[in-house]
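We call the chains A, B, C, D, E, F, G, H, I, J, K and L, going by the order they appear; numbering starts again at 1 in every chain.
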Amino acid sequence: TDLSDSAVGAIAKAINPIVADTFVLYLKTKNFHWHISGKHFRDYHLLLDEQADAIFASIDPLAERLRKLGAPTVHSFAEILKLATLDESEAEFLTPKEMFEELIADTKSVVQAMRKAHEVCDDKNDLATASLLENYIDEAEKRLWFLFETNQMRGDNRS
Amino acid sequence: TDLSDSAVGAIAKAINPIVADTFVLYLKTKNFHWHISGKHFRDYHLLLDEQADAIFASIDPLAERLRKLGAPTVHSFAEILKLATLDESEAEFLTPKEMFEELIADTKSVVQAMRKAHEVCDDKNDLATASLLENYIDEAEKRLWFLFETNQMRGDNRS
Amino acid sequence: TDLSDSAVGAIAKAINPIVADTFVLYLKTKNFHWHISGKHFRDYHLLLDEQADAIFASIDPLAERLRKLGAPTVHSFAEILKLATLDESEAEFLTPKEMFEELIADTKSVVQAMRKAHEVCDDKNDLATASLLENYIDEAEKRLWFLFETNQMRGDNRS
Amino acid sequence: TDLSDSAVGAIAKAINPIVADTFVLYLKTKNFHWHISGKHFRDYHLLLDEQADAIFASIDPLAERLRKLGAPTVHSFAEILKLATLDESEAEFLTPKEMFEELIADTKSVVQAMRKAHEVCDDKNDLATASLLENYIDEAEKRLWFLFETNQMRGDNRS
Amino acid sequence: TDLSDSAVGAIAKAINPIVADTFVLYLKTKNFHWHISGKHFRDYHLLLDEQADAIFASIDPLAERLRKLGAPTVHSFAEILKLATLDESEAEFLTPKEMFEELIADTKSVVQAMRKAHEVCDDKNDLATASLLENYIDEAEKRLWFLFETNQMRGDNRS
Amino acid sequence: TDLSDSAVGAIAKAINPIVADTFVLYLKTKNFHWHISGKHFRDYHLLLDEQADAIFASIDPLAERLRKLGAPTVHSFAEILKLATLDESEAEFLTPKEMFEELIADTKSVVQAMRKAHEVCDDKNDLATASLLENYIDEAEKRLWFLFETNQMRGDNRS
Amino acid sequence: TDLSDSAVGAIAKAINPIVADTFVLYLKTKNFHWHISGKHFRDYHLLLDEQADAIFASIDPLAERLRKLGAPTVHSFAEILKLATLDESEAEFLTPKEMFEELIADTKSVVQAMRKAHEVCDDKNDLATASLLENYIDEAEKRLWFLFETNQMRGDNRS
Amino acid sequence: TDLSDSAVGAIAKAINPIVADTFVLYLKTKNFHWHISGKHFRDYHLLLDEQADAIFASIDPLAERLRKLGAPTVHSFAEILKLATLDESEAEFLTPKEMFEELIADTKSVVQAMRKAHEVCDDKNDLATASLLENYIDEAEKRLWFLFETNQMRGDNRS
Amino acid sequence: TDLSDSAVGAIAKAINPIVADTFVLYLKTKNFHWHISGKHFRDYHLLLDEQADAIFASIDPLAERLRKLGAPTVHSFAEILKLATLDESEAEFLTPKEMFEELIADTKSVVQAMRKAHEVCDDKNDLATASLLENYIDEAEKRLWFLFETNQMRGDNRS
Amino acid sequence: TDLSDSAVGAIAKAINPIVADTFVLYLKTKNFHWHISGKHFRDYHLLLDEQADAIFASIDPLAERLRKLGAPTVHSFAEILKLATLDESEAEFLTPKEMFEELIADTKSVVQAMRKAHEVCDDKNDLATASLLENYIDEAEKRLWFLFETNQMRGDNRS
Amino acid sequence: TDLSDSAVGAIAKAINPIVADTFVLYLKTKNFHWHISGKHFRDYHLLLDEQADAIFASIDPLAERLRKLGAPTVHSFAEILKLATLDESEAEFLTPKEMFEELIADTKSVVQAMRKAHEVCDDKNDLATASLLENYIDEAEKRLWFLFETNQMRGDNRS
Amino acid sequence: TDLSDSAVGAIAKAINPIVADTFVLYLKTKNFHWHISGKHFRDYHLLLDEQADAIFASIDPLAERLRKLGAPTVHSFAEILKLATLDESEAEFLTPKEMFEELIADTKSVVQAMRKAHEVCDDKNDLATASLLENYIDEAEKRLWFLFETNQMRGDNRS
């Protein structure tokens, strides 16, 4: 690439934690997909699977963006846990409402990180990574919409 | 076409308000699809999208039927609002139950209009439009079934 | 086939009642798919259709396995009702919860019958029928999982 | 639906026995598909499978038509055997010719029942069910054509 | 079939000339597709091919309808030319406008014949042939629309 | 979303009129698709259908973008007519040239509105809506190109 | 094309009768497909349909080859009957064996005509038409193989 | 692999002759597909092609299983003829009945060899090869069913 | 290859200028596709794109044919311009009629070159290149037909 | 499920570490896919991607098997690292040969674990999990074959 | 066919050894595909599989060509080994370079045989077989190109 | 478009040389695809074809962007060679390493030109062209990654 080494370094420093958090969010969503229960089982099981698939699909393009710039990306789960900013969930039992609340908080946090990384890319003239992030922000905001509205309690939504 | 001008006029007079109502029902269903919330969010969001798609898919064939007969069809939303018999929904917030009740009433009304238009076509020997309406009556009755059963409250359906 | 007549007889005696029960379970699931109602209508309607499709898809391979071994399979519903071990459901109205309870009990019973039939096949060296059963046991256990978790009441699953 | 309760009752009374007969005809055709033998094995095995598939594919739309009108449909094989007008076949061995003769007689009988049911629907203004029946009458008449011509003995068809 | 021999005879007498005319209209349309020229070459060449395909696609179902009823259908082009009511076109050169005028006249004539044949089917209770004709009338009226509007001269359509 | 309420409000105020204009432009294009006539009938009928499809396909993503941000979108045609900046076309007859001129003017106006909305999004750091608009500006400019060149009169284009 | 007018004339004179014969052979094969009967009904009905489809698929490329060379092709069935060398079949009833014998004779005759037309093309340096004919000769020889072997009577083929 | 060398040797010794016999059975079936004749030509030609395809499709997975275990597989037809236990067929002419008898005998022999090889794999804890064989035994038993029933002579099957 | 070096040399000398001309013709057609204007814009824009695609699709197979024979093919546009026999078009503005005239002249010239190259291949016994050329001559003659008929002025084609 | 709690416990204890190791092996393979370099870059990059995809595809079915039995599965990467038996790779740079050696060792270890888990399932009569493992053992052995042969150095493989 | 018996005999005598050699070349290529090893394992494994597939795909059309002409084709591997001109490979170990050299020599030999067979077909006026051979010569020359260039040693290709 | 003439002029001046360089890079990559040789033949031949396809696919959208803005684009190879900044390659023989080095240098140069053109578009408010360039920069950087890593010499990559 024709970008400077320091530009690449700054971008990698912004993107690699997002890759790590994406891995963590993927497994948390998949975990909830596996362990959910109750009257809405099929509906939420499918919702969480669709969200997990979308999250997973963003990992490879983000990691390969770094490789295209010549920077290394994550090598191991140990490294991922070190880089990640999200907490993992080990609770034995969560109600769907609790699960969705946790995912809402995590997704908001990832959106903010992506918005900040976008600024870095803009600043360093890395147009392609910036463009990629715009797409993943849109997808994350869609997931937020679904999770938020599902947890809304108003009128006959209460049950 | 070999049908008389007065026959075509009578058919157009019966079909154009159905085209207009179908536009109104489409946007109402889509509107509910966009603004629904609560525990059943994904399930109802998808249900309303499927119904909106089916409703929308019937507009072009009905409008083109009139063109095949040599009659004009709707030109604008202003004209649609003049021809339509259904009321639009501008409520800030509706529970799913209220949404479904409104759609049930509207769909019933459209089915009746289609049944009457079928009589006109039969009477004027317009076999192709009659056949088209039979299909859309079936689809509308299917939508009614889904909406009706979802709003049924009995036994543990209550929550 | 190179298996003995008595081996084939024993296998047919184990498999034909499973074919009959599979027919019964198919119609019961389809019946529930047709008559379900309430807030979860679309979600459960689809769930029961998916399960009915999966159940139905297992009938032909099981029946053709017997024909490949040279044994006859079921000829009529009268014969099916004689061979079947499951009871049919003629209730006018069942809540979803009651429907799922009935399907859970029936599916468990079919899994046990398949496990026993597998022993017979193993014993008689009928490797292909045994392999087929392994697959249908997995599918039945998957249906059990979905039905069981949907009927679980805990935390905010209660409504 | 906007049709009267008595109209729906009359339609259900005409359609439910057709659903039952269609189930019976399906299993009989499948049964022949499984147990046929002789020089034409593959050809007739495929023919009967194609016919069984087409017969089966008509059950769900007919049953769901009744549900769209608000009427219940069949719940069990016991109920099906009570409603059906066709006899089941439990013969140990039938030649293809005998099989086809039995299917010809049954299919003719179902076509007549559908033609009568069509009159009821016409009479009660149930346009969608009537339209559905027109399609299944065409399919049944096609099956009749194939079965009839196959059993024709003339010139070198004799062998 | 359960229809009487005289009913089948009347239907065949109404449908076989339509099969013949459909063959003639097919070849005329294809002929124009092959020999058209001028500024609109590609557009009209495609239009005529699409219309020829649609016309051709109606021949087999109409002919097989007669076979399903037990009546013979056309055997040869000599027989077709005897049964057909349309004139063939052998002109060395026609402008597109002349071609479309000829097709408009022919198609109108076929629509009228189909409408009359529909009455015969209705009268003889042949529901499936009637239903088939409704579809082909719709298609023919669509072709008429396209041909008619293309030949319309008004405002800047003149060139 | 992590964007402020006032940011969301400003974005919604910029996007909702675009949604409304897109609805108006869709129906106008479809209207022309239905009522066009003359020598280029098929070519322009298809062109207008392709453009109408592309316009329609942009409505749902734009409306859902607002929902992802937590803002409401349009509820009814009455609201759409209030928000829209484009005039509807109710002319009995328009030549293709007049139709295309009207669409060119409208599309230019929508492109300018989208460019302004893009500035708002940029300003409010709403990266995903901005990215979406870039795509729809490209599509609108493509439609402009086709419409503009078709209305160009130069050399032998005159006829 | 850069071929001389006399070359094109010679090629058209060789190809147009093949187009005509192909039409005749198509309808004869389709006619047999419609009117066949007896034990092999489904098998031969399918065989004749496959052959009719293959024959029909060769008409347009052959006719368009002539148009690419600037020569006219057939305009009507009257012209086709004048150009064709094959006789049509109007028999009320033929056994499959008689049908296949007639098709064998006709197909052989068409193959010979194509082989002669190939010589003309070779001679006139029309490489593309020659290449096209090679393909259709192969297909015709395949149809001959199927028809010939089906009519072979030897050993237990006798019945 | 973690299996011992002697285990791999024993498995290879059991599987390689099956690979060889599968090649021989493939060519014999293909040979019959090429040289069959008589009234059932198309039906049997297709049957033998389907069976040949299924047989051929099992060669690569069986050979690659050995390679996955580190054992060599067959290198040449000379080696295949040495390893094979089935005899090849060089008869100038066979009736279909004779062909099917030969294939029945060969297929039974291959099924027995696969059942024995399965024991070897079970014994050596080679779970994957065992599982593969279960599938091919099922397929071979299906081919046996088709061939056996086609050669059955009873009632009107006699001709 | 088993062809002599001098044979390969002669073939390469005949084919490489065709590759070069094909590149030139491709860009000219694409250029016209980009810059066309007027009432037929969409129709001609599509026509030229289809022709450009077909032309482009012939480049790789022709170039790879030379590589299969062991001869080099074109390396650069400089080399292409040296080898090409067609002139490029740099006109600011051309009417469609002028564009088509230019393409007609060029395509005719390429057809003649291909016919001559075919003679070389025939002479050198290079059967595969000859066969490839037959196909591309057919495609070029088809493009000629479309271009020629579009530029024909006769009767109402004049406008 | 009808299996005892202790049986389920034993199976979960055998399968969950395999799920964990599969996650680790997936990321290691993906990591190598991202960081590989040298002359074989594209070939090995693709190889590692195919292997990573295959490994990943086995995670969900294994985890869902446990859920079908009613046992929990992995919740987080922290838990995965605790359960896993394989070491992660954090090396800055590895040659392809070193990468493949590491993957060979890990895959062998996973195959052995699966073979042991199979014994547990067999012992506890969990037929479906056993059948699933047979498939994954086959896939792992295929990956071993590819990795092993690629690292073989013999004859001209040396470079 | 209309070709003389002696013509058919001469063609069969030229084609049957090509069928036999094609079988031999297929198994040799597949054998190398199974037993190759070294750094290029995946790349060459795929290359040889693609070539084996292409070779195999030419067997059935060549054999069926002979059947279409009425000549018998190969019945067994014993007959194939008698007719084949290529030697089989039974070497325990070959380097890729040695494998490719052997395949190059064999393919060249088959191309020469096909070129000679083409002359026979030309001579006997069997246009369809000749055309088929042109295609297979092209494919064989493509395989030669790939094998030849892979074995080229020049510059940094040396390793 | 609503952009000023001077804005469009500046954008065209930035984009047209990129279109020209893209043509040059396409032919150079294709040239290398055709003339590569050595042990990695198939792998590099495919790599270069994939890269050539991706490069080619970017030409039409870039050229059409200019047309959407109303600016002309390239007309001929002569014009392309004048506008292009890259040198063409006419070397008789290049090692893969030399080829990749040349492509790396050229691609880097194109990325820089695209980054500068992006600034121009940003500056002139041409949002759609800017967005298009972001995508092509990403693709070019991906091609750079593959080419760079393939030419890396470290550890056992050396051979």
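Convention: a contact is a pair of C-beta atoms (placed from the backbone, for glycine too) under 8 Å apart; a residue touches a chain by one contact, two chains touch by 3 or more.
Small disclaimer: the values here were computed from a predicted structure and weren't measured.
J.: In the chain contact graph, what is the shortest path length, in steps, from chain H to chain L?
T.: Steps on the shortest route: 2.
J.: When every step has to jump to a touching chain, what is the lowest number of steps that links chain C to chain J?
T.: The fewest steps needed to get from chain C to chain J is 1.
J.: Please identify which of G-I, D-H or C-J repeats the interface of A-B; the criterion is that more than half of the contact pairs agree.
T.: Residue-number overlap above half with A-B among G-I, D-H or C-J: D-H.
J.: When contacts are scored as defined above, which chain pair ends up with more C-beta pairs, D-H or H-J?
T.: Of the two interfaces, D-H and H-J, more C-beta pairs touch across D-H.
J.: What's the rotation angle, in degrees and to the nearest 5, for a C-alpha fit of chain E onto chain H?
T.: It is a rotation of 120 degrees, to the nearest 5.
J.: Averaging over Cα atoms per chain, report the distance between chain G and chain H in Å.
T.: 40
J.: Chain F to chain K: how many Å between their CA centres?
T.: 60
J.: So how far apart, in whole Å, are chain A and chain G when each is placed at the average of its C-alpha atoms?
T.: Distance between chain centres, rounded to whole Å: 64 Å.
J.: Between chain A and chain F, what is the gap in Å from one C-alpha centre to the other?
T.: 33
J.: Two or more other chains touching the same residue: where does that happen in chain J?
T.: 39-40, 43, 64, 67, 131, 158-159
J.: Can you name every pair of chains that touch?
T.: Every pair of chains in contact is listed here: A-B, A-C, A-F, A-J, A-L, B-C, B-D, B-E, B-F, C-D, C-H, C-J, D-E, D-G, D-H, E-F, E-G, E-I, F-I, F-L, G-H, G-I, G-K, H-J, H-K, I-K, I-L, J-K, J-L, K-L.
J.: Help me check something: in the complex, which residues belonging to chain F touch chain A?
T.: Listed in rising order, the residues are 1-2, 64-65, 67-70, 125, 127-128, 130-132.
J.: State the interface residues of chain K toward chain J in the complex, per the touch definition above.
T.: 36-43, 45, 93-98, 158-159
J.: Quick check: in the complex, which residue numbers of chain A touch chain J?
T.: So the residues of chain A in touch with chain J come to 23-24, 27-28, 30-31, 34-35, 60, 63-64, 67, 72-81, 88-92.
J.: Residues of chain F touching chain I in their complex?
T.: These residues of chain F touch chain I: 39-40, 43-44, 46-47, 146, 149-150, 152-159.
J.: Please give the residue numbers of chain F that touch chain L in the complex, ascending.
T.: Within the complex, chain F contacts chain L at residues 108, 111-112, 115, 118, 131, 133-135, 137-138, 141-142, 144-145, 148.
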